[in-house]
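Shared chain: chain A. Partners: chain B in the first complex, chain C in the second.
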Partner chain A sequence: MGIKSPLITLMPNKTFFWFFLPTGLAMILFIGLPIISTGIQSFYAQHDQVVKEVKKCDPFGCTVSIVVDQEKTSKIREEKPLGKFNGFGTYVDRNHLAIEEIGKFWNETNSFGEFVDQVTNLPFYKALIFTLTYCLFVTPNVLLLGFIIALSLNAVTRRIRGPLIFGTILPMIVTPLVGSLVLFWMIDAEGIIGANLQMLMDDPYLSLKSSKTLTWITIIIYGIWHHSPFAFVVFYAALQTVPQEPVEAAIIDGASRWQRVRHIVLPHIYPVVTFVALISLMDNFRVFEPIIGFSAEGSAQSLSWLIYDNLVNEEVILFGSAAATSMMTIIGIAILLAPVLIRTWKEFRTAR
Partner chain B sequence: MEYGLDKRSNALKIFNTTFIIVWLLVACFPFIWTFWGSFKVRADFFSRADWWYAITAFNTLLETGGKFTTDAYSQAWTEGEFWKASRNTVIVTFFVVTISLFLGTLGAYALSRSTRNYAFWILIAALIFRAMPHITLVSGYLFPFFQLQIWGILPTTIVVLVAINQPFTLWLLYSFFKTVPKELDESALIDGCSYFQAFRHIIMPVMWPGVITAGLFSLMLAYNDFTVTALLLNQENHTMVPKIQSYLGTNQHEGNLMWAVSAVVSATAPLFMLVMFFQRQVISGLTAGAVKG
Partner chain C sequence: MRETNMKKILISLLFILFGTSVYADCNIKSGSINILANDFPALRTFVETAKGCKGSADFKVTHSSEHNKIAVPALTANPSEFSARIAANSSIVPLMNQDLIRPLDDLVKKYGKGIQDSQLITIDGKIMAVAFMANTQHLYYREDVLKELGIAVPKTYEEVVAASEKIRASGKMQYPYAAAYKAGWNLAEEFVNMYIGHGGEFFKTGTAQPSINNAKGVATLNMLKKLAGLSNPDYLTHDSEAIKVEWESGNVALMTLWASRSGTLLDDDGDAKITAATKLTGPATVAGGNIPAATLWWDGFTLAKNRSDADAEATFRALAHAAANKKMVADAADQAVWLIEGFKPGPKSIGVIEAVKMKAKPYPMLPQMGLMHGALGSEIVEFLQGKESAEQALKDVEAAYMSKAKEQGFL
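Moving on, here comes the complex of A and B:
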């Protein structure tokens, strides 16, 4: 067999299978299956406690009291650890979509504003609104700040750029919990920035925890601080590939700095902007560690934080509730990703 | 940009320099401040009376007799069992990086050399998996792991982190292998090598730049993870990040907040050193998928 097939670039299916098997198996077992497991769990709810009536008699008469039958409760939990089948019950209960409550608010409230107020006080909607607000404010600002830093570092002498880049990417490489703690310790009433703000504002009670708006602003600022370096790095690399000739021609033609950025640099790096926007949107949608770092549970809750809270519940882990929120978060991610996926699919079809 | 023709006005230069200085201050000062404060006592770093104490070390001088103290470090590492947490982090990180790279290079090589449709769909699936919030996956793991009684131990967490890490590693190494000329392994195939032999003898020697970048990112993911390690490990097996969080939770102890501060510094310092050494690789990795557009 001296001559092999000319289509040697087409890796045989069998070879591909063996090469891909380990990583494919890992992803199916630990990403694919958990999503299915979450889906199944979301249709179950934890068992109610079994109660029994206990008759207690004393010289003054008999009283019947209701107590928890520990033995039966633990037995039923052992037999059916998944809980009882609840269908879509968990999805529509007060802690999730709260269909019933919303209907009630609709009928009872007098004005639309009041209705919105009531609805946004329900845990799921509260978390959804925080998550969306966070995404909405952080993503564009990250793009903007990252781009400005990239432009201005790009104008610095090449020799000192290395250390400057190192300093710039520090906020990105620490884990969000550590990053938010480091900021929190400064902003807190006993920290350097917090104490000085109190002095400046002449308000000794001014503190992060006292105001919901302040907490939200702090977490959003943290988000911009943490994510901008990523946008910077990508934009900076893209700036290195901007062709020189059109820029030089524009300078000769007397184009201003802003005009050059607007008409030459921006169009060139446009595809990268979409990429950065997509990645940071995906990352921002899962925000939750800063809430723990800033101890902001009281006034800011995100979807991911709701799931975490259910899973660290002291008495019984609320698997069903966490799973239902997870499924709805996944649907949210799907909606975010849909435009990109549809576009890729169309490109793929036309490419064929 | 340094174009020969471009004459920048002095005003713009001054503005640019000021902006960079302000930004670097914003980016770096919190870390410098925390590092400085970790050598003080709590009454100084979190001073109710006057934040200036953190500079003058008023209470530190009173309590320990010196301007700097390493009490927080020694207590956190011994009493706070931070040594155990850092040992666990080292174990988890080491295995996650090794296994991730092993699985990732094989899979990404196959993806980069296959021109069939399913390779495209696998990459898209990996992108969707990459978007899944980790906490939703964890909520899927907990129940089965409890049932199988594999919750709380290090191997489970390692396998989970490897899997979570695969989509990103695959994409990164896929775009790297695409830059390795096909002719290289094709000539080996024509000479009668199997695909595995071609991978072993032709690709492996030239893949190290890509592997180092992918390895750095696996390392950062495993080292920095909070969601998975906090929920899938028991108290005994906690890694550094959940350990730091546990110092915050128990606030009755006066020393605990300072333990958290010193633990944050201890956990961050090695990471910064690493990035300082491998800055070029980190940046090339972040841009690998992006710059091509």
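Moving on, here comes the complex of A and C:
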């Protein structure tokens, strides 16, 4: 059972090669090379800054202060434009893996709880925990909700299905930033959801935005809302391929609706479920827009947000840091996807 | 209502009529001018004035509140996207660090007629920018609310706290205080102000080693937390624009906000009663200090290095025309505290003038200050949320700063 990929089973290797070549080239050019360049960048840090004392005058008076000595610096920069080789220095520093700090915490703290507290206070681990929590809650819920919507829509009469489908995929059409901004205003203490929640809970100080837990929950709910339509669309398409004979046979045998779904529909669309799970995991691991849209930087930081922060939030751009976090995000996605990929590969082998 | 509209139209008409006759006199023959600037009314006026003198040069401008994010990449390109960048004390530093702006000495000599010496920003004897306005953050208060409750206008942050508590206790307002505490740049700026008010130094003298984990740092954080407790619980998401809206909705009676925003608070839009009761005063001091818990800022223009000399010349001539324009200063006296000759301070300039009188310090123009500002913006949030101690937060700031400074080669 299952949908076999007709391309791989039927196409001769040579045809496949020519078929794949343009895509492959584009991938190397636009994905492969930038990743390599980012990887190289992550091993370099800026040269030691040569500073000098100078007199600075502005409308408020003169002071003696320091500036970067451009003459000397530009000479060093010309010789080695990439910067100072730093190896894994950026990867293990306090703002990333923080190997040294973790060792110190281990020796200094008295209980395991205290140790965990200290580690999760480090920026990288703080972001990693939010990112994983987001993935863990959003992905399964997206799959479940998408599947339920697809099943229900598949059951309604054809006449109203079109408009219903359109309405259901709206969250995906709305730009993530706009979607999150709309929700952000609704949950404001004076917005429609925020104000009603305060009334419902009888707590005038309740604020969804100031509490870390509530912010996380809001972002996760937003994530489910935004991603479910994608799962729905794919599942809905897959449902159309479910053969009718076994379903009818099951009905005659007296199988309940749940039994039919469990034993006929689910096994049939299983490969598609894997596909949606993979894509959702990848998407969710890169969660970023809702954090900006909800102005949630204070309570929730993701790995992608850390990269953004290094590149634009500082007046000084930290290319090395951003590159190192990017590489670790890629590795993180690879680790997350590994179990699913290995399983798919094994099934592919046995299917042959 | 109609009368005021007519008045507005008349004024604009007059402005256009006389404006063009005055501005059309620059005689710039060629070159291309492209300006990057922050987005607030005074800067728009300034750039518009410069545009009036563009002659036959190409003229483009980008006003964006995200200007800090664009500036360095855009000016690093060669030729650079912008020929000029309107910068401030803090934002000129990354441009200097990367050697992206050019000295203006020759151009000032040739075309800088009317620019006052006090407007020139000189670094190591070279003119790097021409300032045209000053800015600071200071207190705004609601005269009616304070009067009704018999509260004197606060001069220190301790008095701000006491006054806010009294207003809250009276039941008039739940969150009487507001300041831009949005996590990130804004929050860090509030820390910088408060820490300077406590007399703190950010770095060990003459080095890039941080030194904020001390009693003054702890006192600063505690004061910020007290004020946050008197603010709208969503304070970590509120920037200057958001608290301006809070103020105009009548939810706030005391506020720390940029002087450059006073124009939009005191204009005809919004509730006339609130506008009439909105009053400005100098920045507050803290912990018995003499200098205000605020920093002085200048806004000025810089010219991109990676751009042809012809473009630089055209750009300078247009901008210098605005930076020495008595007419603009007279027409837009309400919009900013201009550093230009002929400026007569009005009631909206009180904040900055008081700050200067009280000897407020300028924002530190140090090459590594941006990294410190960035570390502050993200690491003190958890303290305000009550998740960690002040000492731990300051330790985190120093550690985050050190890693970044090492990567940037400052340590």
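Note that in this section the second predicted complex is superposed on the first by the 269 of 352 C-alpha atoms of A that agree within 3 Å, B and C clash if a C-alpha of one lies under 4 Å from a C-alpha of the other, contacts with A are read in each partner's own complex, and residues count from 1 in each chain.
To be clear about the criterion, a residue touches a chain if its C-beta (ideal position, glycine included) is under 8 Å from a C-beta of that chain, and two chains touch if they have at least 3 such contacts.
For clarity, every value in this text was computed on a predicted model and none was experimentally measured.
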{"item": "Which of chain B and chain C A:241 touches, first, second, both or neither", "value": "first"}
{"item": "Which superposed partner A:84 touches (first chain B, second chain C, both, neither)", "value": "second"}
{"item": "Contacts of A:252 with chain B and chain C, given as first, second, both or neither", "value": "first"}
{"item": "Which superposed partner A:59 touches (first chain B, second chain C, both, neither)", "value": "second"}
{"item": "Touched partner set for A:317, first chain B, second chain C, both or neither", "value": "both"}
{"item": "Contacts of A:188 with chain B and chain C, given as first, second, both or neither", "value": "both"}
{"item": "More chain A residues in contact [chain B versus chain C]", "value": "B"}
{"item": "Contacts of A:220 with chain B and chain C, given as first, second, both or neither", "value": "neither"}
{"item": "Intersection of chain A interface sets (partners chain B, chain C)", "value": "188, 295, 312, 317"}
{"item": "In the complex, chain C residues that touch chain A", "value": "68-69, 72-73, 89-91, 93-94, 96-97, 99, 118-125, 131, 134, 174, 182-185, 206, 232-237, 296, 298, 339, 356, 362, 365-368, 370-371, 373-374, 377-378, 381-382, 385, 387-388, 392, 396, 399-400, 402-404, 406-410"}
{"item": "Residues of chain A defined as touching chain C within the complex", "value": "45-49, 51-52, 54-61, 65-68, 70, 73-74, 84, 86, 90, 93-95, 101, 121, 123, 188-189, 204-205, 207, 209-210, 212, 294-299, 301, 309, 312-318, 320-321"}
{"item": "Partner chain B, residues of chain A touching it in the complex", "value": "4, 8-13, 15-16, 19-20, 22-24, 26-27, 29-38, 41, 81-82, 148-149, 152-156, 158, 162, 164-171, 173-178, 181-183, 185-186, 188, 190-192, 195-196, 225, 229-230, 233-234, 236-239, 241-242, 244, 247-248, 251-252, 257, 271-272, 275-276, 282, 285-286, 288-289, 292, 295, 303-304, 307-308, 310-312, 317, 319, 322-323, 326-327, 329-330, 333, 336-337, 341, 344, 348"}
{"item": "Touching residues on chain B, where the partner in the complex is chain A", "value": "1-3, 5-6, 8, 12, 16, 19-20, 23-24, 26-28, 30-31, 33-34, 37, 45-48, 50-51, 54, 102-104, 106-107, 109-111, 113-116, 119-120, 122, 124-144, 146-147, 159-160, 162-164, 166-167, 170, 182, 186, 189-190, 195, 199, 220, 223-227, 231, 241, 244-245, 248, 260-261, 264, 267-268, 271-272, 275-276, 279, 282-284, 286-287, 289-291, 293"}
